[in-house]
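The structure appears below as structure tokens.
Think of it as A, B, C, D and E in the order they're written, each chain with its own count starting at 1.
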Amino acid sequence: MRLKKLTFKGGVHPPEYKELAEDKAIEVMPAPEFVVIPIQQHIGAPAEPVVAVGDEVKIGDVICQAKGFVSVPSHATVSGTVKAIEPRPHPVGGNVLSIIIENDGKDEWSPDVAFDEKYAELDADEMKKRILNAGLAGMGGATFPSHVKLSPPADKPIDTFILNGAECEPYLTADHRMMLEKTRDILEGVKIIMKILNCKNGYIAIENNKPDAVRAMRQAVKEMKMDVEVVSLPVKYPQGAEKQLIKAITNRNVPAGGLPMDVGCLVHNVGTAKAIYDAVSSKKPLIERVVTVTGQGIKEPKNVLVRIGTPFEKVIEFCGGVTENTIKIVNGGPMMGIAQFSMEVPVIKGTSGILALTDKETGMRDPDPCIRCARCVDVCPMNLLPNEMARQIEYNNFDEAHQLGVLDCIECGSCSFICPSRIRHVHLFKYAKMEVTKKLKARA
Amino acid sequence: MDLNHLFVITISAIFINNFVLNRFLGICPYIGVSKNMDSAVGMGMAVVFVMTLASMVTWLIYDFMLKPTTSNIFYIIFSAKEPPDLTYLKTIAFILVIASLVQFVEMVVQKVSPTLYKSLGIYLPLITTNCAILGVAFLNLDENFNFIESIVNGFAAGVGFTLALVLMAGIRERLELAPIPKPLRGVPIAFLMAGLMAIAFLGFSGLKL
Amino acid sequence: MSMMSEFSKGFYKENPVFKLVLGLCPTLAVSNSVQNAIGMGVAATFVLIMSNVIVSLIRKGVPKKIRIPIYIVVIATFVTIVDLVMAGFAPALHKSLGIFVPLIVVNCIILGRAEAFAGKNPVFYSFLDGLGMGLGFTFALTIISIVRELLGNGSLWGVPLMPPSFEPVLLLILPPGAFLTLGLFLGFFNWLDAKRDA
Amino acid sequence: MKEIFKLGGILLLVTALASGALSMVNKITKPKIEEQKRLVVERALIAALPTADPKAIEKVIENDEILYYIGYTTQEKTDIAGYAFVAKKAGYSSVIETMVGVDTTGKIIGIKVMEEKETPGLGTKIEEIKYGESAPWFQLQFINRYAGELAVDKDNGPIRSITGATISSRAVTNSIKEGLEQLEKRLGGFKKQANPTQTEQVS
Amino acid sequence: MENRLVVSASPHIAHKDSVKKIMFGVVISLLPAAVGGVYFFGAKAAWVIVLAILSAVITEALIEKLTKKPITIADGSAIVTGILLAFNVPPEVPWWIPVIGSAFAIAIGKVPFGGLGYNPMNPALLGRAFLLASWPSHMTIFKTAPKDGSLSGINLAAIKSYGLDAITSATPLNVFKTQRGILFEWHDVLKSGMENPALQAKADLANNAISQLSDSYANLFWGRVGGCVGETSVFLLLIGALYLIYKRYIGLRIPLTYIGTVAVLTWLFAGTEGLFSGDPLFHVLSGGLILGAFFMATDMVTSPVTPKGRIWFGVGCGVITVIIRLVGGYPEGVSYSILLMNLTVPLLDRYTKPKTFGKVEQK
């Protein structure tokens, strides 16, 4: 019984626009004629291609191998021929070396992939190995290699696991649909994670704008006789950010600059949990994911199960194309996603959504002077002074910005969202973080 | 000693007749050292210290060396016929005493506490020929303050100066990040701001304690 | 170096108040009436000339290390003379200038000129420099005081000039008016310079 | 060490020279300055006691404090022209000191504000002489009045206060009123010969 | 199609509020009090408001035109400044008073510092302080009694029955200040043991006047008292304030701490019979406190951005207001208290910076 309100300080209530896609069951999109698979889809060292142009591959074949501990392999997501290995536009920015595979339409699977009845009896190390081999990177958006997160150092035992089903970003409904449609798979994933970590407390955190998901989860937890609590959280962005989530659920403060494991917690996205289940139970690598394709600019918003590497164009085509007044294509949600130059970029492991936004939705205007209304200060979940930092950065005072804590900013975008003057805080903070790190490195 | 009276002197020197905003003393450091908070605080503390000391010393000099009384030391040493009236030498005496005093303090601080010297010492030479210090000595005379009153007035005047300086420094740090029209940047806007501050301080005028 | 320029630089190019931003306290304090401004200007000019001349005369004999104290003594002497003479012959002016007469001692224009100019230049040039700077100071004080007295009191040199229906802007002769007027003048001259340079 | 003494000696010499020069100037100006100080009081007394002979004004002293002045019509000091005293009261930003003269019946015959540091343009109007007039209009209002009448218009009296400076106006008015009442007490009522403790010739 | 794609940093959606919306929201919230001002004081109040707005807007446009800067009058902030300046002058001032006041507010108080968002002090209040210092007679004389009321707020019947008419030709705070002064003088006389029948009569009147003031709450609340154009009706101002709070254009930290501080301090010190004999309700309702607390101290440009800073700001305003009301040179202290606290905003922001999330547990 919790008496305290489950929440954190700050945050905003953007309009949700979830209704566009939340009732759309996940549709499987047919594999495209070709896929573009960047060698880097995760945080850490890029993987190394192990195929050459002209090679034939089957679904699930490793095409690039992890290089170092903090790195993950990638797999062929269609069967066919490697057509090229060359830099291609990447949804996170810039051009990245990518492996282009032409689909032969046969959908042949690598022979390794098969359901293993006794997977639950595997030991933790074997499970982690399967997770690594499956190429799992966090699907909540940050794409941090999952096996790393699951290998905490001995002095930092993890006692609490939180399944992040908050999906606090407006528009996105992929996690929501997964929780409804793949409830049991996800919970099996949770079991695996808790077993690997040997931790006692499990929470499934869901914002209370998804009552059906809460109900489904509660039902399944009861049926599966699991000892985890399904927590219904108030709707507030960024409820899903892990530090804020941990604060809301456990009332623990992850130290600034620290990691969840510093307070004995681990957070995984629902998509990751499902992928972990697939990886451990069937050695199935991460070759596809659920993407919410939505926005006023999309003619038929949907939740789509898409092969990794499918170009945005194709996915959007599958959803009826875009309207005339679309001015922005975004990889991810509207608050933290990245706007795209081109629709050629491929879906990667961290693509939770594809948004096509119209001019009206974005409400773009030129910035006005900051009127010091302090709304940004009030909403910042990290308790920073966004207006002060922005003003210092505009005058290139990076030392001051550093002192004001720009490195602690989680780039959630709440400040820019709420600002009546449309100050582009996040843009400035990203820039300042680069400059500050450059300076710190130079000094060290 | 009437504490109430000392309280009135203090409030008056800090708020009602603020040295900078009402009496126009110490304007140069006020404009010159208010660009940054840290130096404003350092300068402020240095001024409080020197003003208090100067009030004390000049009072002693005036009463025991310049004023024609029977306790005048020249009268006592030279057993003159009547006490000499040397008050006309007050300007020259005060400025020399203050200048050497500041030098002396600087030396002592440097020897005794290098850390204090670092934060305070660099401002000391700037203060020597600052009209606020000499001004407080003359004001103490004008007001006929006794020894204790002079010290209190010197201290409070310094605090008033520091208050104006620190407020100004805070605001100017903000003004550095504002699109001020070119011709007004720097000193002119500082004066306009000082004018607006002085308008706000009119709120204290006519305070009856 | 031309004599004329030594004399005239103090008016605009190196005007102590508007360009060098020195001697601000008396500028603010006594510019509330033209009478006070000119009285102060004349007093300061006298001290400037005399101290420049004496400093220039003794410049070769003064040991470097104690030149500043010696300059200060010289300046203080002339300030005291002005103070005593003013008290004896112009008591009203003496009263309204108040402590700003003895404070001429610390007016940095004077020590500044002694140190920067008279200590390095022959007597006649030092005299011209003192005269020019002094008149420049007086000029600055006067134009500020004209604005303040005319708008703030409706008069010049105490003579009412504005129509009776004019209600003076009292703030201008109060302390804030001094800061605001000087700030606007400084901005105005910056603007003029920028325009000329452009 | 030796150098320090040498430099110190030079400095001392310069200072001594300067002091010497100043003492000469001081000799010349000192009498003038003292004269000026005396003139302030004297002028005020003449203004306050227009019917008295300027050379026949005495001050009444008790414990080193001047209580009031007595002015005689002639130097023979037979007839008293009137009394004068300094009224003081805090105005807006300073203590205002006014020399007030009354005749033997307690009627004000002259006043002059000697000292005030009120706000220029507001409180200082108590000394303002309008263009073309010869005396400050505010002070003229007091002539020929008795203590009982003294109050500013805001207190329902006949003294027109200065717009925006009621505080200064009230301070002058009330200080005079109180001073008059005190003087009356001291004299044991007006129109009677006083009983001074000690008298001394002024000027 | 591709070339039309806009690329900018996240977030890609924004709240619908804009500076313009906020400013016009404030204008709307001030309308009830403006209409009230015209109702109570007549058409000249309307004139004052119109002239002040026109002058503020024209001054801003003119300077921007002359200095070849973009014209910003459409953002509405100059209109707000104009209205608030008008609200702070007596209704019967000559026409040039609001004109010059607004011009000063904009030309000296706002534009030189970089315009909207950069001015360190509240422009409208600077305008008022400038007018007060320059033409005190125009700014301190109130002649127009409100419709259905008296200048002092004391009921007409009470004025007659107590013979108070002589001392009631002033606003409530004026009456409070002068009558309290008389009472203190009388207390001193009592203590000294002297007799002074004239003063005693005055003191009796003063006692009556002060007790009548306390009974005038309703008049103060509805606005049937003398005062500046927009400050008198607490009721109408609160309607506007509620709108601003509802729209979240202002927070409650500043107004509540401000009013609370004034209430506590006046209860403690504003009486004539020692501590705790004051009348806090009278002080909260009278003068420009409500106008200042909800509309002027809350000017976001000139108040702190940190939550704690806003609390101290309110407390500071309250303390200074009470000091000026009780021992200062003016009957009213709201304007100066806000201006003085404006000066402390950079310091408040600096020293009340919130602790970064996660920094709490360290050390």
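Rule of thumb we're sticking to: a residue touches a chain if its C-beta (ideal position, glycine included) is under 8 Å from a C-beta of that chain, and two chains touch if they have at least 3 such contacts.
Just so it is clear, the structure is predicted and the values come from calculations on it, not from any experiment.
Path length between chain B and chain C in the chain contact graph, taken as the least number of steps between touching chains: 1.
Touch-path distance (fewest steps) from chain D to chain E is 1. Once CA atoms are averaged chain by chain and compared with the all-protein CA average, the nearest chain turns out to be E.
Counting C-beta pairs in contact, the chain pair with the highest total is A-E.
Between the CA-based centres of chain A and chain C the separation comes to 70 Å, rounded to the whole angstrom.
Note: centroid distance chain A to chain B, computed from Cα atoms, is 62 Å. Chain C and chain E have centres, each the mean of its CA atoms, that are 42 Å apart.
Per-chain CA centroids place chain A at a distance of 88 Å from chain D.
The residues of chain D that reach two or more other chains are 15, 18, 22, 25-26, 30, 92, 119, 122, 167, listed in rising order. In chain C, the residues that reach two or more other chains under the touch definition are 69, 73, 76-77, 80, 84, 168, 170-171, 174, 176, 180, 187.
Shared interface positions of chain E, defined as residues touching 2 or more other chains, are 108, 112, 114-115, 118, 130, 133, 135-136, 329. Inter-chain contacts occur between A-B, A-E, B-C, B-D, B-E, C-D, C-E, D-E. Partner chain E is touched in their complex by these residues of chain D: 92, 122, 156, 163-164, 167.
In the complex of the two chains, the chain A residues touching chain B come out as 369, 391-392, 394-395, 397.
Residue ranges on chain D touching chain B, taken from their complex, read 15, 18-19, 22-23, 25-26, 30, 90, 92-93, 119, 167.
Listing the residues of chain C that touch chain B in their complex gives 21-22, 24-26, 28-29, 69, 72-73, 76-77, 79-80, 83-84, 98-99, 102-103, 105-108, 111, 171, 174-180, 182-184, 186-188, 190-191, 194. The part of chain D that touches chain C in the complex is made up of residues 6-7, 10-11, 14-15, 18, 21-22, 25-26, 28-30, 32-33, 36, 39-40, 119-122, 131.
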